[in-house]
Structures are given as structure tokens and as C-alpha cells.
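Look at the two complexes coming up: chain A is in both, with chain B in one and chain C in the other.
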Partner chain A sequence: MNFLSLFVRNLVHGPYTDPFPFAPAPTAARFRGKVAFDPETCEACRKCERACPTGAIRFERTPEGMTFDCWHDTCVFCGNCAFHCPTGAIHQTADWHLAHLQADKYLQVEHGLIPAIVCSSCGGKGLDSAPAIGKIKPPLSPEETQELRSLCPKCRAKYLKDRRQRA
Partner chain B sequence: MTILQKFKDIAVRSPWIYRINAGSCNGCDVEMATTALIPRYDVERLGCQYCGSPRHADIVLISGPLTRHVVDAARRVFDEIPDPKVTVAVGVCPISGGIFRESYAVLAPIDDYFPIDVNVPGCPPRPQAIIEGIAQAIQVWRQRL
Partner chain C sequence: MTNLPVTSESFTIPVGPLHVALEEPMYFRVAVDGETVTDVDINAGHVHRGIEYLATKRTLAQNMILTERICSLCSNSHPETFALAAETIAEMEVPERATYLRVVAGEVKRVASNLFNVAILAHLVGYEALFMHVMQVRELAQDLKEAVFGNRMDLGAICIGGTRYDLDEDTITALTVALDRLEPEIREIEKTYRTNGSIQRRTRGVGVLSIDDAIACGVVGPVARASGLLQDVRADAPYHAYDRLPLDVLTLPDGDVWSRAMIRLHEALDAIVILRACLRDLPDGPINLGSDPYVPPGRAVARSEAPRGELLYYLKTCDAEEPERLKWRVPSFPNWDALTVMLSRAKVADIAIIVNSIDPCISCTER
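Up next, the complex of A and B:
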């Protein structure tokens, strides 16, 4: 009897083999795959670079701004960068299609640029990074965020101090 | 010439796979075994078969960051494999060293020591990714044969 029920069940279910190279493979929604970076929301705090156990993430200061590079060929998909990111600018996608030919080895890079700006208040050097808001109360309005983005770090600190005193 | 071509067409359908563990933590080896042995992934659908002897192999899967202890043995086994062979580096360790990068005990990246053709990054890569890498290796092998 047991055999018969198994037989019928397998007949109804069909083969258990994943049809992968000929059809898309099932992937969990929270699968930890390729790292994706969003320069719009990055604070440039470089916590991810410090948390990365393999040194896959590297920030570099260039005349154009701060560049972000994550080499997928040395990333171990641990998720420490996404865990420590205060703004969620870095996260892992469910993309695992990483097999590549040797010629493309050094092209497997996620690249991002946080552009350099001239401070709108003092004319000094700054980065168009998202403001490090932390636990600011009351929360910044979109206009205030826009204004903070155009300031250099010193003017940002001054702006936030003035704002605290006003509140 | 046409007979030779015919042989090549037949041979390319069934590459045999050999694994070299160059100091791996066994994570990638488990995934490679899973790729081959579990009906869910079943790399034998692509005509591949794991073989026990390096002399029968066509595609070599290397895992591990190539520790100093294993480099001699790995080289000797690698030289046993007849040409033309296609080498696949499985996991981030052979590709760049991964978590062991810049350690005194490992010689990664492995492409300083072995001619690598296909890289499959991941820690470990999932079985489907290994199948994807093997599919690319078969393409390379087809050109090389």
C-alpha cells in the first residue's frame, strides 16, 4: 500500500530535478547575492569598508569625488556591509549569476561615485553624500536634506548645531 | 577530417569532470558533490560525469585557496590531466583568496600557478551557479577541442 501511494504521488508530482540551465532557477527572496550600491543614499561613512572581512569594498578619494568599488570575486556574501550601513545604501540582491570567463575576472566590480561639490556656504570642498542624520529630532524635511547635501562637513555641523539651538 | 570532426562532436557532449581540493574548507566541495549527486541539480543531464582518475578528466574544478602544503600535490595531479583541459575555479578562494587573502599560508590567487578558464565566485557558490560555470566551461572546451 505504501508503495502504491508513493508511486501515485511521484507520478503526479513529476521529476524533482531543477530544470536550471534550461529554465530559471528558484531563488529565495532574501538570497544573499551580488552586492548593490546606491550612491544617492550613501553617507560616505565607510563603515562597510571597515566591516568587510575580505577587503572586497574599497573607497577612494578622487578629484571627481569618492568612488566605491566592490569586487564580487572576493566578496563572501556575508552581509556585514548591509548590516552596518546606516542608510541602507548598500544591500545584497538575489542575483547569483556570477560565473564568468577568466578574461572578465577584473570586470566583476560594482562601481559607484559620490560626486564632489563646492560648498554653497563657504566654497570649500565637500561631497554630495546623504547627511549623517543619526537620531536627529525632529527629522529633517526634504528641503533641509537638499540644503545639507550642498554643504561641506564643517558647514553641515554648523547647520545642525544652529538647528538644535532653534528647536 | 570529417571523421575527426565527428569524433569531436561526439566527445564534446560528455566532458568528464575531476575535482582538485587545493586546501578548501570543504564548503565548495560539498556544493560540487551536491551538483553531481543530488537528483535536484544533477549535472549529469549535461552529459558530465565525475571521474575518480585525473587521467580521464576533461574539465577540472579547483576549489580552495591553494595552501602552501598542497601546491606540490595539486600541481602533480594537474599535470596528470591530459590536454586539452578546461579549468574552473570554484569559490572565491581560488579566484582571489577570499577570506584568506594575503595570508602567509596560502598562495591565492590560483591563476599565478594554474591556467584558469572559468571562474565561479561564491562562498560557496550555489549548485546552480556551479552548473552555470560548467556550462561555460563546456563552451570553452568546444572551442579548444
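Up next, the complex of A and C:
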């Protein structure tokens, strides 16, 4: 190898390192960074909680509904949650900025709430979660989806059973 | 541990557990007579993390991530072989496209891993300019991994029944551009290692492992091939799509440190040929069998060719989601044993070079 030509090449190129933090570091579009959660599309199936190898994801039932928490300090950014999510409600952003003050360590959380509802049919308890549409044929119309969202799990099952019989 | 006599001519030198070759913790008790090594005692276990036990407390899906974190440099080979074992139990047919995608992930890791090892060799020889140059070339592979898989080391490419990632036009372009930039650089690096006087003087005829010793120690991977032992899982028992790809297994007769470095550089170049063939032949179709394929109770052994050699997995599943037993034999494990042969009659100054030449992966070996 001609190190003289390499020397000239490197001299012309300048430093190979990124000038971070004085300039933004280039990040790939596919970079697997912090987890983001969208309660609108979540089915509350809790597959992500079971797939998470570190226990960073926790669901909890509260009077307000089902809460979702992903602890960024526990997360290893493997993306198993996003891979197992049937609706794409959970995904990884390209944001890798994790530096924070010690005082803020319990605030490094992605939080979401799937609100509790009163079933519009029977008045029982339910969640405003997205219907599990995986194997439903024909696909739900937006109106049907909206109606299902207002029902409790029991009434949802009944609604879908009736729909299957109609079809 | 052997009790070595201490006389005025012979000494016992503790090497490690910190700072041997890769700055990973391994403890060598080296008995020397003047400048010559007479006996070596290897003491392992400094980074034992109990992952084998932990694996039996995690579901198969979680173990895909756990096995990936056994080791950083062969982080794709572990879940790959684990998935092969699970697929054997479930008698799964992995989609054609996924087999090619798995080869892509594995070979990209091989390029980066082998370049890392030859870079450290230059560092140990004292040729810092070459060390930094090889690491800079390796950075092309690292940036490529970040662009295609989203992470520089833990690719997260494999799942049971296929792959998690797919290639689209952008990532295929990124791969092609990176390979076109890597190939001439690695060719130049290979030429330097072949001809440079400093490298030659420190590595030729050093740490010799004859073919008989190689067979006796059961060494695998580049260490075996550098001793003239034709052995590569990709050729002997083709998995994924390797039976349809242009695999060129090289052996060298000398069995010294230099041969092992040349084998690694050749394999980095051959990986580029394989990657180009993969991109050319990549079939269409699904990339996996859904996120949660069922794995029934059963037992299976699977093996693959990691950058360091044959990686073997034993998986026993039961009715529960967690495996009953997961055991792996990593390539560094048999290769450690060969160090006692390589180090005998070696010079003290060569210890680090010889230890590095087996590309030791301590986090793999001790898990």
C-alpha cells in the first residue's frame, strides 16, 4: 500500500469522525432508535410486552384505561416489539439521543393510554382499543371499526359473530 | 492450575486477565525460560454471565435477542444458528428470499469481523497507521450495517422462520455502493499484508500449528484452514442458500499467524463475491412465516459457519414457551486449546500476536 498517496487522500478528505455534538450526526433512515407508541392503532394484545427480552415494556390496567410504558433506559433497541406488533402501533424512531440528567432518569419513558370506555351496547367496561382485525374477512369498514371501538370485548365478539353469520 | 517451579532462569509471567490482544479478560500463566515460552496455563471464566441458564427463562422469541447479545462480532451467527435449530424441530420451510437475506446479513458481518481482526494484528505488530487505515475501511461495512439493518453491531436480521428485515431499492443501492468501495480497499490491504516487511517479520513462521496438531485440537474456521485443513460448514453441510452461491474455500499450508490473517482477508473478499451473487439472484416472495410460528417440543442440533468457524447449537424445547435447554459450542472454544501448541517455544513478545491470531471471542466462550 502506498501510504504517501493514502496520506494525501486523508489530508484532502479531512477528519473521518463526525463533528458531533457541534453539528448533527448523520443517521440512517432505518436506524433502530427510541421506541414510539401510538395508542390509536394499538389492539392491547400485549404481544410486545411478551416479546420484549428486557422487560422494558409494561402494560397496566388503571381506572382511566390501559397504560403503556416503554422505559428507554431498560430498552436494548432490538425492535422485537415492533416486529411482533400486529398493527404497527409500536415502531422504532431514528432518534438515538439518550443523554439526560440523573434527576430525569425516571422520565425517560414512552407513555401511552388506551382510554377506558363504557360499552355502548351493554354498559360494561371496555377499552377504546383498535379491533383485532388480523383474520377478519371481509375487512372492516371505517364505520364498523368505529362501532367496534365503542364496545366491550364480549359485545365485540358477539358483533363479529353476527357479522360472520350475515356474510 | 499447574505449579510451575521458579528458578533464576525461568519465570512465571501472568498475562491478563486484562490486556491480551483484544483487551478482553483472559488469564494466561506463562512459564518462560529466558525469552522463550515453555508452558502455558489458560484460566477462563472472568466474564461468565450465565446466559445458558437465562435462555431457559426466556421465550423463543426473546431468545432471538438474547443469543444475539452473547457476542458482538458474531452477533448474527448466534440467532441464525438458534433459528436453524428451532426450524429443524418445527420442520419449517424457510422462504427462498429469506435464505438469501440471511446470507447477506451473515456475510456483511464476516467482512467487518475479519477486517477487525487483521486491524488488531497491525496494531499488535506496532504498525498503527495500517491499523487505523484498516479500521477506517471497516467503517464502510459498519455504516452499511447501520443503513441496511439499523444498527452497527446487533443486526436483528433473523427471526424463527425467516428474516425480520427486507431489502428494497435504496438498501440494495447502499449495499452495491459500499461493496464497490470496499473491494478495492480490501485488495490493497491484502497486498500490504502479503508484501509488507514489518508484517512479514512479525507473523511468518510465528505460532505455527501443524495440520496434525490442528486435527488433534479439533480447531475450526480460519485457524483450521490456515493449517491446511479443508473444513467449512458452508461447504460441508450447506445451509441457507450457500449451495447455490460461489463459495471459495481457501486453505494455506503453513499454519502460522500470517496464514490465518491471509485466510481472513481472502474470506472478506470472497464474502463480497457472495454478497454480489445474492443481490443478483435475490428471489421475490415472503421473508418469513409470520411473527410467531409454532415450535413443538423436540430436540435439534444446528451448525453454521461464524466468522471464527463452526458454531454449534443444541436446542431442546418442551410444552412451555421457554426452551428446556439451550447449549452452544462456539468456535473460539476448540481454538483456545490450540493456543498451548502455538505458544510453546514462542517468544514472549509474540504472545499477544499469537493469541490474537485465533481471533479469540471471550464473551462467546464464557457467556
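Keep in mind that, in the parts below, the second predicted complex is superposed on the first by the 152 of 167 C-alpha atoms of A that agree within 3 Å, B and C clash if a C-alpha of one lies under 4 Å from a C-alpha of the other, contacts with A are read in each partner's own complex, and residues count from 1 in each chain.
The rule we apply is simple: a residue touches a chain if its C-beta (ideal position, glycine included) is under 8 Å from a C-beta of that chain, and two chains touch if they have at least 3 such contacts.
What you see is a predicted model; the values in this text were computed from it and never measured.
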Problem set entry | Side-by-side fit of chain B and chain C on chain A, or clash | fit
Exercise. Is A:16 contacted by the first partner chain B, the second partner chain C, both or neither?
Worked result: both
Exercise. Does chain B (first) or chain C (second) touch A:161, or do both, or does neither?
Worked result: neither
Exercise. Thinking of the overlay built on chain A, is A:125 touched by chain B (first), by chain C (second), by both, or by neither?
Worked result: neither
Exercise. Between chain B (first) and chain C (second), which, if any, makes contact with A:25: first, second, both or neither?
Worked result: first
For this session: Scan A:102 for contacts with chain B and chain C and give back first, second, both or neither.
Result: first
Exercise. Between the C-alpha centres of chain B and chain C, what angle is opened at the C-alpha centre of chain A, expressed to the nearest 10°?
Worked result: 50
Problem set entry | chain B versus chain C as contact partner of A:75, first or second or both or neither | first
For this session: In the overlay, answer first, second, both or neither for which of chain B and chain C A:61 touches.
Result: neither
Exercise. Does chain B (first) or chain C (second) touch A:53, or do both, or does neither?
Worked result: both
For this session: For the combined overlay, can you note the least CA distance between chain B and chain C, rounded to whole Å?
Result: 6
Seminar exercise, completed: Dual-contact residues of chain A (chain B, chain C) 16, 53, 76-78
Seminar exercise, completed: Residue positions on chain C within touch of chain A in the complex are 58-59, 61-66, 68-69, 129-130, 133, 136, 139, 143, 146-151, 154, 156, 159, 164, 170-171, 188-189, 191-192, 196, 291-292
Problem set entry | Interface residues, chain A side, partner chain C - complex | 1, 3, 6, 16, 28-32, 47, 50-53, 76-80, 83-84, 86, 92
For this session: Note which residues of chain A are touching chain B in the complex, please.
Result: 15-18, 20-21, 25, 53-55, 71-78, 96-102, 105, 108
Problem set entry | chain A contact footprint on chain B (complex, rising order) | 39-42, 45-46, 92, 95-99, 101-102, 111, 116-123, 125-126, 128-133, 135-136, 140
